[in-house]
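Read through the structure below, which is laid out as structure tokens, and then see the notes.
Each chain carries a letter (A, B, C and D) given by its place in the written order, and its residues are counted from 1.
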């Protein structure tokens, strides 16, 4: 049936946990694009028939017209599925910028199409530009604040870094008392964990 | 929508409701001397030993954590008052007793950080939890009695946290009802279209008048 | 149509509908019983809703009330609404039903949807607040997509509240990483 | 502090009376704007003046805290000032974030609706312009340019569409929780879909909470007669 593959593509967005991303399905995506072209070929052939018979496409309602209509509807359906696939993935990709910053871990990069990689860069740049104009980092303070400092344990070798108020050597398994906003991104990236007092 | 970038900022998290509650004023008794604080959220102090002062809850908790004050629990947080509230909640199937809008958050914050300042703390805590449970069951049963043909629902005496807990479900269900209701022929939708009460706290309220 | 990009709406429109062609159509391969690439007038073909709907609105096909809304379902819903396995009939029972109302002649469909939702909604609510995690899958298997959404909305807000009441960490690794979550939950 | 303080069930006065008792600070106003913005399905007017004032106060406070640190004021005082600063910062950030999220979601709807576009701040307008190019390019290169000519529009399914039938719009009939700040009569709560007679039954007393479709209180929210909770 027409549009079946397209709906399979959309179904790839469901299942799995919220906010997770499956690898971009190049193969299925391209098959749907191809199906669009073949609908277009079918549609044009039917319109040509009508024109050769000297019929007005606007007003004639014959079997050729209804065939063409079906191809047209299938094409818009496929378009909707393709667009929804990209659009909803884009939403998840945007959230990566918020959670992980400018540089994505390799395991995620491999799940993106080329256009999606460009999109991530473009979105990051647009958001950074906005934050610059506002002179405010919006990617921190995702949770209402309590104390200005929190205790953390480092889970990975982060090394020497410059924090807001000082520099620190964040060696694996070392414990620190850090400014909440400094620690937030590291925790989000899975590089640190919060210790409860 | 099946795939969502998380978090959905348009919902309030429990932490955000707590954050709002932390601005409620509460009385503390400092054990130290400190100059007035001229904060963005207002001016507080000066703080003198044994002289009670009104401060926002977050400030009270911060001082308490550092051993700089005791917190005076609000009036409603006593065994006597809460026993009364609990009994009244149990006695009435649908009515909700009036408690502060942020009673759930305030009591949790105080239990967590100032337990030693609450007389009969254990009792107070279990009473508060019982009250919350009774109220929650009431909310649930009033939700169950929706007839589905309402254009608005009144929830007069629910507290902030209670509203937040039922919000995702109620908003969604009401929208489904609204959509399905629009499929029905219009003739009999009139008589039921008044705002339905989820609670009947204040007797003689005017909401349903005029039929 | 729901929002153009709405995944659930798109999938709901894939539900099959039996359509009888009132007009013939050339050059299309959608009728498995046809020998050529065309559909004859009078042919009965199972179409996805998105296609049946548009063709119906242009009087090219007439549609039959899908079996998920048949008499048997109606009687079962009347008898014991909460126990009917609507999911196996259609995971998009309500959404699909709403979409069918304008194009089928059956005037009672709207009422069926409304009364089914009204009588099942209570049960969904009660179970969401009382069922244990072990019992959940069994209940969920009978519910439609929208009912599951409601169930999850109710359950997750209660769970979030309980988590807040217990307290604990305020900062967590991004779930998109799908790892390093051992210390949670 | 909070206009919500006191029993939820006060017999009279409610929000208005309480507000007269406490002078409303900019943080209070920001908190209200934040809550309304979070709860409303559509983007609300950017609170230009309020945000300017808050940003000014934040900067001043940051300088104050820095001074405190330098002059060796006791650490307790410093950390209390820091907490106050943090709380306001959070509100501001969260307010701006929820607006950005709506802009991203309803980008094309906002771009073609002057009334909505006018509600954005200057910086938000810049962001909208930049971001619409990014998402437009992405969708064009991956999907639209691969489709036949008549199907390449980002706004219309095909050239035969009579309107922009691809553009996501906020759900104005979504239910929100609102609280009246003053008495609201039936004529103000009219529901265009229902007959007037049914609306005569509905009114709101100050402080009362309702679940209600957003479109029915949209005007009241703009006039400051109700708040979203």
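Quick notes
As a working rule, contacts are C-beta pairs under 8 Å (C-beta built on N, C-alpha and C of every residue); 3 or more make two chains touch, one makes a residue touch a chain.
Computed from a prediction, not measured in an experiment: that's the story for all the values here.
Counting C-beta pairs in contact, the chain pair with the largest number is B-D. We define each chain's centre as the mean of its Cα atoms; on that basis chain A and chain D are separated by 25 Å. As a whole-number value, the distance joining the C-alpha centres of chain A and chain B reads 37 Å.
With centres defined as mean CA coordinates, chain D is found 32 Å away from chain C. Chain A has residues 13-14, 18-19, 80, 83, 87-88, 92, 94-95, 143-144, 147 in contact with two or more other chains. Counting partner chains per residue, chain C has residues 4-7, 170, 175 touching two or more of them. Annotation for chain D: residues 79, 83, 87, 90, 94, 97, 166 touch two or more other chains. In terms of which chains touch, the assembly is arranged so that all chains touch all other chains. Taken together, the chain B residues at the contact with chain A in this complex read 1-7, 13, 15-16, 18-19, 62. On the chain D side of its complex with chain B, the touching residues are 1-2, 4-9, 11, 25-27, 31, 35, 38-39, 41, 57-58, 61, 76-77, 79-81, 83-85, 87-88, 90, 94, 97-98, 101, 173-177, 189, 191, 194-195, 197-198, 200-203, 205, 208-213, 216, 229. Chain C meets chain D in the complex at residues 1, 3-5.
Looking at the complex, you find that chain B touches chain D at residues 9-12, 16, 19-20, 22-25, 34-35, 37, 39-42, 56, 58-59, 62-63, 66, 68, 98-102, 151-160, 163, 167, 170-171, 174-175, 178, 190, 193-195, 201-202, 205-211.
Residue ranges of chain A in contact with chain B, taken from their complex: 13-14, 18-19, 88-89, 91-92, 94-95, 98, 142-144, 147.
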